[in-house]
């Protein structure tokens, strides 16, 4: 099975780290491809950034469909563009944080999310509501690390993350931790060892959920909310993005 | 005060009808401008369409900020791009369906939404959850009219809408009706007269809420969730959309 | 348009301050009348007080109907008597806190309410549930100022309010503030300037929502929950309050 | 123990029937008193009626406190005035529908409420939300019987109620029935026999809950939300209703 | 009326204390029997313990049915086995914590639960959700006392409980306290006197609710969710527990 | 990796069918073991049956731990004994319906559950609440097939299921179907082909989720709600089930 892991920001070094983690998580028969849009924000830290990352993400899905990709991972903790991507994909599309939260609920009585900037806190609260995991979410904590600082080996990002994890465990009753940014993808194992509790990286989690769905022969339902887009014209710069005959 | 009403699809005839309704609703001192993106889908009927309508919508807001617009109406019943637009606007930004639902709750014990296609039903259920108006929403009914049929005077759109309104009143206990597409903007008065109950068009409702907010001197809060986007690079075709120094 | 702003307690000096604020908020074509019952509690600080304020409030609405009032504001942060007033009013009736909360949700990701006494905290939590705004409400804080202290220029009410606003911003993540008592009506502008964030007074907010509804030609739905009261006898001291032929 | 059962409407014949049912439900050691206000509506069928029934209800509670009543039942299915009455009562105060719903949840997986007029449906939905019993409430059905028709032995009220109960069982999955008006107080036993399922009358249920609370020595908590009203002046016709020194 | 109070752990000394409290709470005409399983855990402190306590609990109910017991109390704060017991009982079955929470809601605006071990906190949060009392539950606090320490008169259990009650009142706004373990059954009166607020023991509360239900002639609904178990074979050690002809 | 699939009823023929389906779903490196308790009910159709199935289920988990099982599937649609099993397992434990519902939410906008008997409907509604998937669950439909009828090739079970699926699609808007009994495990593929939409069998789904969790190295969190049971005595017939030193 071929899974396309999409980093929706345009920073290739982050895509490379995400790809490595995805490959490490993948089962023997799984082939991981990874890509990011060439257009759009270098990091996604708010709703405005999201809006300019989604078109490139969707173009990658469309291209994936043409070459027979079996399933997709959206490797951004804000889980952007999920519903739109599902409309144009035959196979399953799984988001970073939905995967992490749903797996966490199977092995822990409650978890905390540790993310980058405080402006993202409402994004995670909204996702927890949407996925029905709000009762499991003990807290969302920001470490005040901009996303691209996670690309910088000299930063103190890991120390700051550790501080928030410690507080989540001691003050909020977290029994497991979710990493709230795809740029943290390679920290899960070490932090899990440091703290002696499950630390879940959403990229790896989403890879495994796509494997599960594809393994079961389950594709995206095409009747109702996730049906193919209606065929119509798109004007101007987006003309080539217009939906054409479905399937 | 100057309000920019943005029709986020690229169909200028619909923008014209929306502008006329907005002007009819506006108070004496209010100047209504109306615009639609030149790029993007001719109608918005699903999440994929939404993704390619939002960038153009945001560019219109940015341009509006440069020329001192006081507030914005997003004239699409799916309320797309609201949070992103709020990040880049000084003044208030109000959506079609949030305005209609919030006003309806002041004058009715419960309402129904009558929209175009059944694929949009989950969009409205999600909006009602987000706005906290789900307990007031007796039903969402689709009339199976594609959006652009509403531009066609020869269509039977009004008859089909009337049929669904009748069912909403009789079977679902609707005490007021919300029109679930900005393309229905000019039908509210007639349908209200036909059925003897409040029929609320979200474009007009949003214009009045923007007037209320601007009239009170209330601007978008710039600390927290709706803060200015962080300054950063956007690559490729979206390079010019990158956030620059705030304010 | 004529709007009647009702202060449901019997303290005329507070009514005068409320009237001044309402006039300052009103649009050019709006005529503000203000009144309070001659019977009932001098301040409303609990459910028992509420019970004896509502009859006078409703009599003012009935008198307003007889002289053609277009819409009503209930200028009490507990939003008392709203449903009953809607049953007997043709035009819209809007409450203090519902107006403030609904406007706040358009311009902020979350808000806190700062009120008078701690015994009112559950009232506000219940209102937030009823209006669906609980997810936006970061906290409700009491400043331990009795309502009538707000009439006393020598009190330290403003300092105590400021202290709670500061805590709401720093500890609870408030992005906007709602004033939790109609007696605070004239403090919004100063506090907003002090703290650099939106501070919303519910009296002004409700005036603007009534203007919006009346401006759209929207009246209270008279089928269902808010229908005219059934004609019947009331005995004894309330005989004159009995509902008579509707409309 | 002495329990005062208050019918908050001013129809003495209904009070007499309620008193008889309360006495039939009471334990040997319980003395039932029953009363209704001499002022106010002859029946309660909406929020406006409620507003003019509550003052008389509260006066009966205050008089009850003076003569040492141990607990109170509010014998109106709308559960009006509960919080206000609790502020001025030492002993417990229990409402009709809260008692019925809470007892029903101990013996059935789900119940339906059968009430009088359709305008009351939203009242019951709001009560179910408030008591946390909404997930157990399969439906609320109106039988279109005005309250005072229940006083008329020649009416077809029982037949209409039976029709709605049958539908609640067959279509809504009701496993028990709550009578949605205190005027139905004497029908529970017969309807239960007819349908072979629990039919719960809220007056009897509330009497038993007051007996339970008083029997346990539990009084109304006087710190916080239900504290004694603050001492203050009430003006005009309500001057004598002003709260005086607590306890 | 005969009520069987079941302590589902196998510690007879705790059963004796529970029986004494139940008898103190019972009305004159009520005969209290008390029992515990001879098989199973000596205390219940988690889901695994629960699983091995429930079979013995159900055998006691079946034996109770054979000798004509009128109603049952499950004297364990985790309210284990309630739905299963209701399937096999004609009369009502009431749990410890459901009874305490539902009575508390009639006399207080909010309460806190003080229990034994922190591992039980999620159990109580889940129960509050199930009973719809979560909005009333200000906090659940663990005193870190193992259940059987409550049997030891030399322990400092009461001091530790008092410390948590003090914090619940001061920091969480508790207006009443629920004791979160049936082993605390004899502390309610003293703690209530110490703190001057209602302290509710669930054993006594459940006895009174069973008395209320039986007194009203209300039995468990046998259509739907709580119907008699279907007749079938149970194999091996549980063969004698197989359901036989209903009633 | 070795996964133990536990059919908690005592019918070996059903265990065999479940094992076959689990093996068909498993990845190449996965070894499936399957077992059922020798003690307890031959089918699980209510809470009383559940209570006598859980002890045997837990004994199978304990035995599994002793021989190094990596993860567990509870192959019963009621998801019984999950939390207790998690307390005593190092590796992950996943239930039938939680797995199906969580996977369905990734590929469909809404689903319906088709189960055996109507008495199970509240069980599924409660599970949907617990997992946060209630907003996705369009309906739960009973086909009135007793569980063991599914073992009988001559029964009309499949036809009855098909009828309910058809209604779920047409009347309830189901976009995917969840099979609501582990005994339906071998019908998913055929029904999916018949109806052209995803039909999800919970046994297979749970196998894939356990594979995902074990593949990620994620074990059950042992701090907090799912910690090892406290060491203590169990009396009588359950003496051997007492928890011993953890790990």
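The letters A, B, C, D, E and F name the chains in turn, as written, and every chain counts its residues from 1.
Methods note: a residue touches a chain if its C-beta (ideal position, glycine included) is under 8 Å from a C-beta of that chain, and two chains touch if they have at least 3 such contacts.
Going by UniProt, the chains are A, B, C, D, E, F = Hydantoin racemase.
Everything numeric in this text was worked out from a predicted model, so none of it was measured.
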| item | value |
| --- | --- |
| Chain D and chain B - chains in contact with each | C, F |
| Between the pairs C-E and C-D, the one where more C-beta pairs touch | C-D |
| Most widely separated chain from chain F, with each centre as the mean of CA atoms | C |
| Chain A-chain F separation of Cα centroids, rounded to whole Å | 28 |
| Mean-CA-position distance for chain D and chain A (Å) | 52 |
| Separation of mean Cα positions, chain E and chain A [Å, integer] | 44 |
| Multi-partner residues of chain E (each touching 2 or more other chains) | 86, 109-110, 121-122, 129, 135, 173, 224-225 |
| Interface residues, chain F side, partner chain A - complex | 25, 27-29, 86, 92-94, 98, 102-103, 105-110, 131-135, 169, 173, 175-176, 189, 196-198, 200, 204-205, 208-209, 211-213, 215-221, 223-226 |
| Residue numbers on chain B that touch chain F, as the complex places them | 121-122, 125, 129 |
| Chain E contact footprint on chain A (complex, rising order) | 109-110, 135, 173 |
| List of chain D residues in touch with chain C within their complex | 10, 37-43, 45-52, 54-55, 58, 81, 83-84, 86-88, 118-119, 121-122, 126, 129-130, 146, 224-225, 227, 229-230, 232-238, 241-243 |
